[in-house]
Amino acid sequence: MKKPPLHRFLNKKSREATDTGFSNLASAQGSRLMESSGKFRVKRSGVRSLLSFSFAHELILMSWPRFLLVVLLFYVVVNTFFASLYYLGGMDQFMGGLAGTGLQAFSEAFFFSAQTLTTVGYGRINPSGFIANVLASAEALLGLMSFALVTGLLYGRFARPVVNMQYSENLLIAPYQDGMAMMLRLANARNNDLAEVEADVILSLLTEEGGRSIRKYFTLELERSRVTALPLTWTLVHAIRSESPLVEMNAANLIDLEAEILVTIKGFDTTFSQTVFSRHSYAADAFVWNARFLPCFHRSEDGIETILEMDKLSKYELLT
Amino acid sequence: MKKPPLHRFLNKKSREATDTGFSNLASAQGSRLMESSGKFRVKRSGVRSLLSFSFAHELILMSWPRFLLVVLLFYVVVNTFFASLYYLGGMDQFMGGLAGTGLQAFSEAFFFSAQTLTTVGYGRINPSGFIANVLASAEALLGLMSFALVTGLLYGRFARPVVNMQYSENLLIAPYQDGMAMMLRLANARNNDLAEVEADVILSLLTEEGGRSIRKYFTLELERSRVTALPLTWTLVHAIRSESPLVEMNAANLIDLEAEILVTIKGFDTTFSQTVFSRHSYAADAFVWNARFLPCFHRSEDGIETILEMDKLSKYELLT
Amino acid sequence: MKKPPLHRFLNKKSREATDTGFSNLASAQGSRLMESSGKFRVKRSGVRSLLSFSFAHELILMSWPRFLLVVLLFYVVVNTFFASLYYLGGMDQFMGGLAGTGLQAFSEAFFFSAQTLTTVGYGRINPSGFIANVLASAEALLGLMSFALVTGLLYGRFARPVVNMQYSENLLIAPYQDGMAMMLRLANARNNDLAEVEADVILSLLTEEGGRSIRKYFTLELERSRVTALPLTWTLVHAIRSESPLVEMNAANLIDLEAEILVTIKGFDTTFSQTVFSRHSYAADAFVWNARFLPCFHRSEDGIETILEMDKLSKYELLT
Amino acid sequence: MKKPPLHRFLNKKSREATDTGFSNLASAQGSRLMESSGKFRVKRSGVRSLLSFSFAHELILMSWPRFLLVVLLFYVVVNTFFASLYYLGGMDQFMGGLAGTGLQAFSEAFFFSAQTLTTVGYGRINPSGFIANVLASAEALLGLMSFALVTGLLYGRFARPVVNMQYSENLLIAPYQDGMAMMLRLANARNNDLAEVEADVILSLLTEEGGRSIRKYFTLELERSRVTALPLTWTLVHAIRSESPLVEMNAANLIDLEAEILVTIKGFDTTFSQTVFSRHSYAADAFVWNARFLPCFHRSEDGIETILEMDKLSKYELLT
C-alpha cells in the first residue's frame, strides 16, 4: 500500500526525533511496533539458546497457575524417578514396608520418596540397606535444594516491580487555549505512592521515501511532562502548536500514515523503592476528535477523602 | 464557604507551580489532600479487583500482629481442612493411631496434619493406606510451598525501605536576613546514613475562580534544597522575598485560603542502597508567627560526639 | 581555645559551600564530625524507642559472630521454654520416653523440643496427649517461622551493598602545574566493576565569629570529579588556584583551624546493580607537604595483565 | 617497541578525554586494558585478605556446576564430621541401630547425620543418650542455618542483574553522509525490555611522550548516544568529522597506535527494576574499512511481528 510522502502533511518546523531506539525501515517491520499493552512485537531468532533462556527468569515471569503446575510436575517426576531407583535397588533395603513387590511396593517407594523429598520423614518405612540410605541422603539434599530454589523464585515473583497504570482507551484531540491539543489520561490503579513521575510521548508515522516504506518518529512535547506525585489522574496534554507534527493533520491523514502514539511513563514506587516503567500504545483508530474527558473523581460523602473512580478514566463527551 | 479571590493576596511575581500532580478542581476533592503523616487522602473505586489487589503486597504491608494472625489462621484452617479429609478417608488408612473414631480420632488427624504440614513428621502415627498417603504427600508439598511463601514475605517485609524522618510539629514564620522566612526543621530519627538528601516544598491555597472552588499550587523556593548528608538536623528555609506567594500574607489570610504545606524529602539510604522518600503536610493551624527553633544538639560530655536530641526537634521560642 | 578569624587566611574569592548538611555551630558539636572511616560521630537521644529501633535491621547490621550467638541463644531459650511447658504438662503426654521424672525427663523434653523446633522429628519420643500435641504443633510452626526469619535475615546480610574503597593514609600537598595541588589516592579493593564513580570533597575549618566557635565548609573543586570506571587507582586532585580556600594556607594554619577533609565517593556496582557510597575523613595531622605518590601498579610478568598493588596505595616520597 | 608521537596523526581539534578512569602510564600496564568481553585485565595484590574476599559473593558469582559441587562437598564433609563425633561418642547412645561397631556402624552414623542435617529425621535410628542428643540438636540447627544460607545464595544468584548485550564482531569504518563514520551494532539478546539505554564509546591510543609509553583516551561523539527503548538493533555511529581523533587515520596507523575501542552500555531493565551495564572492547584488528552492516530483522510471515535475527548481527558487506 503506497504511502503519501510526509512533506505533504508536516510543517517544516517539525523535528524528527532521533532518540527513540526504533528502526526506520518499515518494510522490514511488523505492522505495529507495540501492542496497546505496551509490549513490543519483536521476536528474536538465531540466539544461542543458553543466552536467551534463563530458567530462573522464566519461572519468575510465568503466570501463577503455570508456575504451580511446574512445581507439581517436578514433584511427581522426581518422586517417580526416585521411587524407580528405590524399587530397582530392592525393597529389602527398607524396614517397615508393608507391601511385598509389584505395584503396591512401587507405590510404597513413591510415598517414601515424597516423605524424603519434603523432609517430612515419618520413618515407619525407612532405609536400612546401604543403597537405599545413599539414595535417601541424596534425595533429602535435593529436596532441600529444590525447596530453597522455590523459596527464592517465590520471592523473586513478589520482588518484581508492579505498576498498574491505567490509560484512557482513547486519545482525544480537542480545543485547547487558542488552538487544539492532543490529550490522554492516566491514573495509578494501585494505592502505592508513585513519586517523580515522568511522561514521554512519541508519534510514529509511516511514509515513503525513495520508494521505500519508512517509519518516522516525533517526540510530542507535553504541557507538563513531570509530576512530583500521582495520587489522582494525570492528563497528558500535547498542544498542537506550529512546531507540532500534528499541526495540519486530520483524522484521515493519521489513518493513512498509520499513526501510532507510544507512551512511556516512568515513576518511583516509594513503597518498594523501585523505579517502575509503564508503556502504552494508541493506534490511529483510537483517536477521537472534538471531545473532552469527564471528571473522574469526587469528594467523599464525609468530605474528607477524594474518591478516584477508575472506571470513569476513559469517559469523555463529544463537543458540538 | 466562599473563598476570597487569590489576586487580592498574591504578588504578581508569584508563579503557579505546574508540576505537582495534584488537581486544581477543589470542589471534587476532600478537605485536605495529604494527612500530616504524608499519606494521600485518596480512595480508588471501580478498579477491577485483580488489578488493585495484590495478595503478596498486602501481606508485606500489613502490621506485624495482623501478619502473624494471618499465618496462624492459615495454619489452623489448612490443618482443619486436611484433618477433615483424613477423617473422611478413614482412620484405618493410618498406623500407630491411638484413638478409634469420633472427636479423639479427628483430633489425632488434626495433629497428624500439623506434623505433616510443618514436615516435622514424628511418624508414630503415619499413613499406610493409599488415600492417606496421597493426601499426606500433597500436604507436605503444600507445607513446603507455604513456608517458602512465608519466607519470601518475611524478607519482603525487611527489604522495604524504611525512613523515619521526623518533622517539627510547627512551621515557623520569623525574621530572616532583611525580611521574613518560613522555616521547618527535620532530622533522621535513625542512625542510618542518608546521602544526597533533597527537599521539595509546595504550598497549596484554596481560592475561587469563576464561581468554582479552585486549589492552586506554588513551589516554595528554599535557601538550600539539597544536602550531601544528614547527620544532624536540617532547617528548610523559604525566604519570603518579592516572588514568594507568601509575601503579603498574614496568619488570617492563610487560614482563609486553607493553606497547606506539602513537604517531600528524598534521600539515599547508603546502608541498604535504597532511595527513600518521606512526605509531610502542615495545615494552616500549624503555622507559628515570630518564633525561632531552639538548638537541639550539643557536644557530648567527653567532647567527642555530638548528641542529637530528637525530642527537642519541635521546640521553639517566641520572639518579642 | 580561641580560634583565629578566617578572613586572615581566606582569599576573598573562596565561596562557602551551602549544601553540606553539616551544622555551623561548632560549640555544640563533638571535636570531629566524621571518623576517618567515614562514620559520623553523632548519637541520637530522645527518640521514641520504637522508631529508632528496628530489630530486623539490627540483626542484619550486626557482626557475624554476634548474629550467630543471637541465633544460638534463641535456640537454647526457646527450647528451654518449651521443655518447661512439656515438663509441666506431664511427660505422660508423650510416648517413647525413656526417663521418668526429674532432670532426665526435663532433658528428654528439651531434646524433643529441639527435634520439633528444627522439624527433624525423629519420632521415637512423640506427643500422644492433647496438651503435648497442641504445644508441639505450635512449636513446629514457630520453628518454621523462625527459620523463615533467619533465611530472610541471612539474605538481607548478603544483599547489603559492599564497597571496600581504600584511601591513602595521607593527603599530599605538592607542586602541580604552575602552582600547588592537594592530592589523595583511592582504589577499589575488590574486583567488582564500579561504574560512573563520582567524588565530592569538602573542607571544614573551625573559626570564630562574634565570639562563637563556628565551623565553615568549602567544596574543593577537583580536576576530575567523575570517572566512567575504576579498574585501577584514582588520584583526586584539587589544584590550589586563586579561588581555592587553601590558597594562602600553610601546615600550621590548617592545624590551627582544625581542618578536616570529608571525602564522599559514589559509584554503581554493576555486579549487584547497586549504588554504593563510601565516605572518608582526613584530619589536619594527615596532611603531608611537598610529597608525591609512588606508582602502585605494574605490568604482570606475562605482559598481559596490570597488577594493582593495594598495599602501596599510601606510599609517597618527599620532594626536595 | 617505539611508538610514533601522536601529533603526527591527531587533528589539533581532538580533545583528550579526562574522565575515563584509566591510567595514562602505559608502560606499567598490561598490553590491553579490557578483554573483548568487557572484563578489565587487572589483578589486585597486597589486599588484606578479609577485605578482598567475600565468601557469600564468591558463592553467588561462581558458575552453577561449581556452586552445586560446593554444596555437595559441604554436605559430605559435615556428615562425615558429625558421623565421626557420633561414632566417637559411642553408638550405644542410639536406639534402633542395626550395626554393632566398625565400618557398618560408621556408615549408620553417617546416614543418621544426613537424616538430621536435612531434618528428614526418619527416627528408626534415633539418639537416646545425652551426648548424641546434644550433637543431634546442634546438627539440626546447623542444617537449618545452612539451608537458610543456601536459600539466600540461590536467590542472590537469581537477583543479579543479567544483560546479554550482543555486539557485532567488527567495527566498520564506512562512508557516511559527506564523509566517513565508525559504526558498531548491538542488540539485546533477551526479550526483557530495556529502557533509557545510553552508550559511551572511548578510543584509547598508545603513543610516546618524553621517551615514556603513554596511553591517551578520547571520547568518540555519537550521532545518537541514548535511545528510549531497545527492541531491535542499535547501530552506534561516530561521524569522523574534523574534531574526531580518527579524522586522518588509516588502518595501519590504528594498528601502530594499538587503538582500542571501549564501549559501555547502560540501560534500565524494566522487568526486574535494575540498572544494567555492559562493556565491550574492540582491538584494532577488529576494524573493517569500507563495509556496511546487512539488515538483521524482517517482517514475520503473518505481517504482525518483527523477527530480529541475532545471528546476523555481525554480518556486513564490503563496499567497492
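Here the chain labels run A, B, C and D in written order, and each chain numbers its own residues starting at 1.
Convention: a contact is a pair of C-beta atoms (placed from the backbone, for glycine too) under 8 Å apart; a residue touches a chain by one contact, two chains touch by 3 or more.
Everything quoted here is computed from the prediction, not taken from an experiment.
The minimum number of touch steps linking chain B to chain C comes to 1. Compared with chain D, the chain whose C-alpha mean position is the greatest distance off is B. Least-squares overlay of CA atoms from chain A onto chain D yields a rotation of 90° to the nearest 5.
Different-residue interface: chain A and chain B share under half of the residue numbers found at their contact.
Between the CA-based centres of chain A and chain B the separation comes to 26 Å, rounded to the whole angstrom. Distance from the chain B centre to the chain D centre is 37 Å, each centre being the mean of its Cα atoms.
The set of chain C residues that touch two or more partner chains comprises 115, 119-123, 147, 151, 155, 159. Within the complex formed with chain A, the chain C residues making contact are 119, 121-123, 151. The residues of chain D lying in touch with chain C in their complex are 18-23, 25, 27-33, 40-47, 51-52, 54, 56-57, 60-61, 95-96, 115-116, 119-123, 126-128, 130, 133, 136-137, 140-141, 143-145, 147-149, 151-153, 155-156, 159-161, 200, 202, 264, 266, 274-277, 279. Only residues 71-72, 75, 79, 98, 107, 111, 114-115, 118-124, 147, 150-151, 154-155, 157-159, 162, 164, 166, 189-193, 195-197, 223-224, 226-234, 268, 270-273, 295, 297-300, 303-312 of chain A touch chain B when the two sit together in their complex.
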